[in-house]
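Two complexes come next, and they have one chain in common, chain A, joined by chain B in the first and chain C in the second.
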Partner chain A sequence: MPLDTPVTLASSNVGGWSYIWYQIRHSPLVILGLAIVVAMLAIALLAPLLAPYDPYAVSLDDRLLPPSAAHWAGTDEIGRDLLSRIIYGARASLAVALAIVTIAASLGTLLGSFSGLAGGRIDAVIMRLTDTVMALPGLVIALAMTAALGPSLVNLALALGILGVPFYTRLARGQALGLRQMQYVLASRAMGASTSYVLRRHIVSNLLSTMVVFASMHISGALLAAAALSFIGLGAQPPTAELGALINVGRAYIQDEWWYSLIPGLVVVVSALGFNLLGDGIRDVLDPKSRKK
Partner chain B sequence: MNECVVEIKELRVSFPGFGGSVEAVRGISLEVFQGEIVGLVGESGSGKSVSALTALGMFPLGTKPQVSGSVTVLGKDVLSMSERQLESLRGSQIALVPQEPLTSLNPTIRVGRQLSAVIRAHRSESAQRAMEIGTELLSEMMIEDPLRVMGAYPFELSGGLRQRVVLAMAFACNPKVLIADEPTSALDVTVQKEVLDLLAARARASGASILMITHDMGVVRYICDRLYVMLDGRIVESGDPDRLLSHPEHAYTKRLLNALPERTARRHLLPVE
Partner chain C sequence: MLQLPAHQLFISITKFRAQPRTGIARRGGVLARVIIQRLALLILVVFGVSLITFLISHTVPGDPARLMAGPRASAETVDALRHELGLDRPLYAQYTSYVGQLLGGDFGKSIQTGRPVSDDLFRRFPATIELMLLALLTSVLIGVPLGIYSAVNKDRIGDHFVRFFSVLGISMPSFWLALLLMFLFYGLWDLLPASGRLGSAVDPPTRITGFYLVDSLLTGNFRVFGDAFVHLLLPTITLSVISIGSIVRLVRSSMLETLNENYILMARASGISRNRILYNHALRNAMIPLVTVLGLSLADMLYGAVVIETIFAWPGTGSYVVNAIFNLDFPVIMAFTVIVSMAYVIVNLLVDLAYMLLDPQIRAVG
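This part shows the complex of A and B:
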C-alpha cells in the first residue's frame, strides 16, 4: 500500500451502558438486589418525607403499642413511632456503611497502588503493616477502638473503615504489580510522565473496576458490622435511631413485643442481602473472567 | 553526518539477583549521529533493549541495576541526571517507540487524552489546543478520520492504527532522537512497511535520528544507515548494513543471517505448479 493512502477507523463504539443493562436484565437475582438497594437508598434519602411521625417525639400514653393502622410497626417503650425510627435508623446505618466502605476503599486503593508501584523496601514495610492489621480480629479491635475513641457513629465508621483498609491495599497492590509491567507504563515513562501521573492515570484508573467490585461486596459486611457494634452499644447513642441500637433496645421486650426487634432486624438482613446480590451482579458485569455463560 | 547525538561509552549494566548478578550489557560503545538511522540487532536476551533504555535514563521498573560507563544524549550525561531532569528530557528531546504497539496504550483512556497528555507535559498548551495538535499529528500519520480516532479507546483500533497513534505520540514534541524498540515486530508485513516508511519519512523531514532495535534483517536492510550487531551484551560487529549483510565477518553475524528463513528455506521448497 502506498504511503499516501489514509487509513480509516473500522470499529465503532460498542458496549457501554446498553451492555451493562443487558447483563443486568438477564439475571433476576441482580434485579432483586438492585431493587432492594434502590429502595433502601430512597428510604435513606427521603426519610423526613417518608416517616409518618417525628422519630424523637415522645408520647408516654402510647407505650409499646402493637402494629396498627396508626403505627404500622408499633411504638417503643416511651411511645415513639417505631416505623419512623426504623426509617431514620436505616438512614443512619446506611450512611455509616457507606462511610466505612469509602474510607477503606479510597485509602486502601491509594496505599496499595503506591506500594505496588514503588516496590522494594517501601512495599515490604506497607505489606508487613497490612499483614499485622489483618492478623488482628476485626470486630474485637473495632470494639476496642470505638471504646477508646468514645462510642459514636463517627468513631465507629472511622474504626471499621481503617480496619477495612488492608484488604483493599492487598488487592490494589497485587494488581499494581501486574500493571506496572505493562508496556504503556514503560511507554508513558519514556515520554516523560512523572511517577504521580503513572500512579493516577495508569495504575489507579485500571484497578478501579476491581475495587468497585470488592467495595460493593464490602458494603453488606460493613452494614452488618456497624449494626453489630451499635447493638452492643458502641455505635449510635440514645436517642439516635439506628438499626442495631433498635434491635438491642427491643431485646428487652422480645417476649411480649417481639416485633420491636424483629422488624429492624429484618431490615438489616434484607438490605445486606440486597447489597450482596447487587455486588454479585456488578462483579459479573465488570469482571469478564468470572462471567458465567 | 555531523553532530553526535547519542554516545554510549563502555556501558556495563548488571542486575543483582539471587545467586549472583546478571550482566546484561558488558561494555558496549556506540554512536548515533544527527539524522542517522542506526540499527541494533541481536537475538533475544542479547542486551539490546536494556542498552537502548539506558539512553533514556530508564531501567525496567522495580530493578536497581549497577551501571558503569557513560551515556551522553545531546551533550548531556544521562546517568548523572536527576529523575525530574530526565522527565523533562524524555518525550521532548528523546522519545521511545515501544516494543508492542498493541499494549503501549492504556486501554482505559481515550486516545486523544493520552496523546494530548504527552503534548501538555512538554509544551505549555491549553487542553483544547493540545487536542487540536494531536488531531493534526494523527492526520500527518496518515489516519483518515483523526477526530474519531482521538475519541476512541485503544482497543477499538487495529494494530496498524494503534502503532500510528504511538508514532504520533513519539513525534509529538519533535524529539531529536527516537529509540524504536522493535517497533514493527507485532505487525503484519504490509503494515510493517507502512509504519517503517512513516517513521523514516518523518525522521528525515525533521532531522531526527533513530536508534532502531530489531531482530529483523529485512527491516535493517530496508531502513538503516548503519548497523551494530549485539551478542551476549557485547557489540560484535558494526558498519554499513549492505556490506555487513552481504559479507559478514563475525561468525555470529553469519549465523544470524543463515537463520533467516528466506535464505535457507528457498532451497527446500518445491515450485508451485
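This part shows the complex of A and C:
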C-alpha cells in the first residue's frame, strides 16, 4: 500500500467507526485492551475521588508499612500512602503520555499536510529536516534535552513530543500528496480558495481519522519512554508522584519492601499493555490487507 | 526499551524508505545514489546534533566549574577553573573550536575524570557491545522461531499465547523488568550476581578484544569465562525480552503476508508437501524483513542499555553517560550523542543496502 494513496476512514467503503466497533467486538484481546484503557482513563480523571489519602500527606510514624487494610499498597519512606501516590502517579504519567502524543500529532499533521500541499522547494526543505530529525537516536537526544532544559515533567513532554513530530509529518505529507490531486481540492483552488482554507477544509479534515489511529498506537511507547526518563531522574521531581519516579525511589527498598517499586511498575505494564492491544486492534481493522479476506 | 516510542509502529515506513521512488536505473547506480544521499545525511546529522547538544548543554543553568571544584571552593578557584576549561569564552568561539577538534577526532576531556573522552569511551565500549550482541543473538534465536510458529498456527491457541506474550514484552518497561529480575534472582533466591561484569575476587582477562567472554576463552581462563557469563545473564535477559516482543510481531506478520502470496497457493496446488513449502518457499522470502528487525533491535537496545547499565552497575558507555548527565559533564554528553547518532545513521544505511541486495523486487523496481 503506497503511502501516496490516501486511505482514510472517510474514503474506505466500509462504514467508518461503526464498522470498527463491529470488528473490535469480536476480538477478546482488543476488548481487554479497551477495558484497560477506559479503566486507566477513569482512574486518571477521578484520582482525587479515588485516592484514599492525600498523596503528599507526610506521617513519619507510618514509615514503610507493608500493605494492609488501611494502606492497600503500604506506605513510603516518609509515611505517605502508596496507593494514593500510585493513583496520582498514573494520572501524571498518562497526562505526560497524552501530552507527548498531542504535541507530536498536532505539529506533525500540520507540518506534513502543509509540506505536501505546498510542494516544491518548501516541501523539499521540510522533508530534509524531517529526515535529519528521524535519523537522530531519539531517546539519547531526549536525554540530552531534558538534562539541559532542567528535569521536569513539562520539559520531558516537550522533548519527547518534538522528537515524535517527524513520524507524523511523513505520514501526513504522504497523504496530503494524494489528497491535493483530488478533484474537489483542484476545484476549490480553481475557485480561489486560499491555501489555509484548503489546508483546513480539505486536507487536515481528511487526515484526521488516520492520524488519530496512528496516535493511538503511539501512546504506549510515549508512556514507557516518559516513565524511563523519569526513572533515571530526568522527569518528575520530588515530591511529585509519577510512576517512573516512584519505581526509582522504591528501588532503594527493594530487598525488604519489594511492593514499593513492583506495584507502580505493574501499573505501567498494564496501562502500556492496554494501549498496545487497543492500538493493534484498531490497526488490524483498518489494514486493507487483513480486511480483504 | 528506552525505545523511541514509535519504533515498532513505523516499521512500515522504514520499509518504504528502502524503496527508491523513481526511474529505472541499474543496481549499481541506485546503490551509489543511496550511499551518497546517506553520507550527505550523515554530515547533516553530525553537524545538527553537535549544534543542538552544544547549544542546550551550554545554556544550562548549572555551572560545571562549580560542580567540579566542590561547594567549598572559593570564587577565585572556580573562576580559574572556568577559564582553564574555556567556559568563559563566548558561545560561538567555544562551538567553533569544538567543531575544529571534532573534525580532528578529538572529543575533548571529561570534566569529571580529566581523561580524554575518547579514551574513556574506548575503554567502556566493549562492555556495552558485548552485552548488546549477546542480547541481540538471544532475541533473534528465540524471537524468529516463535514468530514463525505463531504465523503457521495462526488463530490457534499457541498463536494467541505467543501474541499475548509478545505484546506483554513490548509493554514492559525495561528498567522495571531489570528490578524484578534482580529482586528474584539476586535478592530472593541468590542465584545470580546483579552488578558489574565480574565478581570482586576475579581479575579481568588480558585485554585482547575487550569482550570478557572472548578474551577469557582466548587466554584459556575458564573460571573468568564462567564468572563473566553469569554476570551477563540478568542484563542480557532484560535487554532481550524487550526486543523479542517486536521481533516476534514482525516475523509473524511478514510470514503471514508471504503465506498469502499466490506462489504459495500455486505450490500447494501442485501438491508440494507442507513442510517443503514452509521451509523452501515461504521462509526465505519472509526472512527479508529480518534485516530491518536487526537494525531496529540494535537501536532499541542502545536506548535500553543506557538505563539497564545504570541498574546493573554495568561499566559500559550507558552508565557512563547517565553519570555524565547528572554531573553536567558536557564533553562526555556531546561525544556520546554525536557518536551514537553517527552509528545510528550508519546502521540505517547498512539496513537499507542489505534490503536492496536481498530483495530482488526492490532491486528490479529501483
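Just so it is clear, the second predicted complex is superposed on the first by the 263 of 293 C-alpha atoms of A that agree within 3 Å, B and C clash if a C-alpha of one lies under 4 Å from a C-alpha of the other, contacts with A are read in each partner's own complex, and residues count from 1 in each chain.
As a convention for this text, a residue touches a chain if its C-beta (ideal position, glycine included) is under 8 Å from a C-beta of that chain, and two chains touch if they have at least 3 such contacts.
Keep in mind the model is a prediction, meaning the values are calculated, not measured.
In the superposition on chain A, A:Ser205 makes contact with chain B only, while chain C stays out of contact range.
When the two complexes are overlaid on their common chain A, residue A:Ser196 makes contact with neither chain B nor chain C. Of the two partner chains, chain C is the only one touched by A:Ala227; chain B is not. When the two complexes are overlaid on their common chain A, residue A:Ala187 makes contact with chain B while staying clear of chain C. Ranking chain B and chain C by residues of chain A touched puts C first. In the superposed model, A:Leu277 makes contact with chain C only, not with chain B. By the document's definition of touching, neither partner reaches A:Ser18: not chain B, not chain C.
When the two complexes are superposed on chain A, the residues of chain A that touch both chain B and chain C are 3. Considering their complex, residues 1-10, 13, 16, 41, 44-45, 48-49, 52-53, 56-57, 59-61, 160, 163-164, 167-168, 170-176, 179-180, 182-183, 187, 257, 299, 302-303, 306-307, 310-311, 321-322, 325-326, 328, 333, 336-337, 340-341, 344-345, 348 of chain C touch chain A. Contacts from chain A toward chain C in the complex involve residues 2-3, 29, 100, 128, 131-132, 135-141, 143-145, 147-150, 160, 163-164, 167, 170-171, 214, 217-218, 220-222, 224-225, 227-229, 231-234, 244, 247, 251, 254-255, 258, 261-262, 265, 268-269, 272-273, 276-277, 279-280, 289. The touching residues of chain B, counted against chain A in their complex, run 56, 58, 60-62, 64, 83, 87-92, 95-96, 98-100, 103-109, 114, 117-118, 121-122, 142-145, 148-149, 152-153, 156-158, 160-161, 164, 166, 169-170, 172, 179, 190, 193-194, 197-198, 201.
Chain contact summary for the complex, chain A toward chain B: residues 1, 3-13, 117, 119-120, 180-195, 197, 201-202, 205-206.
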